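Which chain is which? They are A, B and C, in the order written, and residues in each are numbered from 1.
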Amino acid sequence: MINTVDYNLLIGIAEIVGTAVFAITGAIAAQGKRLDIFGVVVLAIVAAVGGGTVRDVILDASPVFWVANNTSLYVAIVSAIVAFIACRYLSYPRRLMLILDAAGLALFVVLGAEKAHSLGMSPLIIVVMGCITGCAGGLIRDILTREIPLILHAELYATCAIIGASYYVLLADHLEHNLLALSAMLIIFVLRLAAIFGDLSLPKFVMAGHKLETPEEARDHSIR
Amino acid sequence: MINTVDYNLLIGIAEIVGTAVFAITGAIAAQGKRLDIFGVVVLAIVAAVGGGTVRDVILDASPVFWVANNTSLYVAIVSAIVAFIACRYLSYPRRLMLILDAAGLALFVVLGAEKAHSLGMSPLIIVVMGCITGCAGGLIRDILTREIPLILHAELYATCAIIGASYYVLLADHLEHNLLALSAMLIIFVLRLAAIFGDLSLPKFVMAGHKLETPEEARDHSIR
Amino acid sequence: MINTVDYNLLIGIAEIVGTAVFAITGAIAAQGKRLDIFGVVVLAIVAAVGGGTVRDVILDASPVFWVANNTSLYVAIVSAIVAFIACRYLSYPRRLMLILDAAGLALFVVLGAEKAHSLGMSPLIIVVMGCITGCAGGLIRDILTREIPLILHAELYATCAIIGASYYVLLADHLEHNLLALSAMLIIFVLRLAAIFGDLSLPKFVMAGHKLETPEEARDHSIR
């Protein structure tokens, strides 16, 4: 069944959905920050196209994807406006934001790996570009809003991206395109959800004789 | 009268003045941060050429404007040194910094829109490039000095840039060049001053059942 | 004796050592931040290749050096893993991190100036590119980990980079290549160590009637 779906259509849908969910996380991140609608739109655009922009600039894939085709910008703008209005009537969606961010991560890591693969890059660069595309937009969003970057304190964040992109690289020549992309997205999304809701984690970086911040302390730092 | 002014001269002057005022905001932002003169110069350069650099990198307008022509760098360096010395004898110019920042914003938004327009970009990209050129330098300055980015807490900051750039795009084919650029700059500058001194603002982004930070709280966060 | 060393070999060694020490500072900066091994690797890579990436993107020296040749990435990954494991058994190396950062700064400033020089850039651009290559990686590392950027509060940080790069430019046509590169690196490293351990400093930026943060206050801000 998967084989009958047009591949470009699949990638196109993934790009639009990923852009929309990252834009919404950007808009949600604006909460309590005294931003008016235009400021929220700016933050949404940065979150939605930031990762792909860094990827295209480093790969010198000129012009940058949203300069060549403005669809991503329009999707981000509309998503931000909808989120701006909806958030006036809904309660604080911290958990929703984490889930949307996980979905955006899954979609964008695979799209980034895809693009590097199509440009004939080495396996290591494909993995790096997958991670950049998936993580950089949310990273810039978090820096702008002075939150601790999710990639720095959330469980398994970079790990999910690296595992998903490595899976993509390893099976790139063995799996059918659609199946490869969809399964890689699913792996990243499920892993990240498991990390969020199931407390899945790897050993942390600890200095000898040094105490680790609890998640609460880390969150406190970001609130202050 | 305006028609008789040489257009390139006007743009050249706008670029130098914009560079100087943003460089000075960069130097002022260094206050109390234990920077010596070289550190202040670095911060001034980043504030002055950061926006145009991001624009040129994304548009792949190679080489970046200040690599091709070093005038902007010299202007930023001299402005920073003058500000470094002057600030030892003048009192804390927070209000001055806001006004200079508004002037730099007005000049750079129009210059950025101008450049994208001359490269034949679509209207949406022209507006985005205007905003990037106007806002990115100050944004990086605020991130480096760990202040809350003005674009995130100042009234109407992104809004002024978007309105000015949209005005530029809408009237690009109807107004004489000089008049278009000057009027767009004036609109942005006056709007931003009105926002600073007249408490002009748009509805803020509020979550249901969620309290908004007061400007004092926002400022406290940046001071801590 | 120095003349007999192959120049490319010298540059190659400097690049690997610089990459390794910056990667280790990135890994050390992850301490107490709840990062697992993949997160630490990401931070190490950013610290190690960030400066050269910004340089290559601005100079449009396509492709970016680590996309063309993946050695830097492998060096950064291995260094990060070694640091990750070693730090579990060693005590908190704040002083070590400062020394390693100084070494990375010295190596990368000269490598950056070198690259701009080989591309035929003007003296001012050579100095700027030396500073960007030396400082930007550490800067991004500090922003991501929410520390005050060293360039903003450490004594003589930007100053060492500017002096070293200026020395390189001034003597570029008068000294033999190897001697020039080595002596410039030595100058930067010694100056920075003198600043760290000898309290060497320049006049600070002070506003009239304004108090300067003490280093302790600055550090407190970063800890909070």
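As a working rule, a contact is a pair of C-beta atoms (placed from the backbone, for glycine too) under 8 Å apart; a residue touches a chain by one contact, two chains touch by 3 or more.
As the structure is a computational prediction, the values presented were derived from the model and not from experiment.
Engineer: Determine how many degrees of rotation, between 0 and 180 and to the nearest 5, align the Cα atoms of chain A with the equivalent atoms in chain C.
Structural biologist: Angle of the fitting rotation, chain A to chain C: 120 degrees.
Engineer: Interface check for copies chain A and chain B. Shared numbers divided by all numbers used: above half gives same, below half gives different; which is it?
Structural biologist: Different-residue interface.
Engineer: Using the average of all C-alpha atoms in each chain as its centre, how far is it in Å between chain A and chain B?
Structural biologist: Roughly 29 Å, centre to centre.
Engineer: In chain B, which residues are in touch with two or more of the other chains?
Structural biologist: In chain B, the residues touching two or more other chains are 57, 60, 143, 224.
Engineer: Which residues of chain B touch chain C once you look at their complex with the stated criterion?
Structural biologist: 27, 30-43, 45, 53, 57, 60, 62-64, 67, 70, 73-74, 84, 87-92, 143-146, 224
Engineer: Mind listing the chain B positions that touch chain A in their complex?
Structural biologist: 57-60, 121-122, 124-125, 128, 131, 135, 139, 143, 148-149, 151-153, 155-159, 162, 201-213, 215, 218, 221, 224
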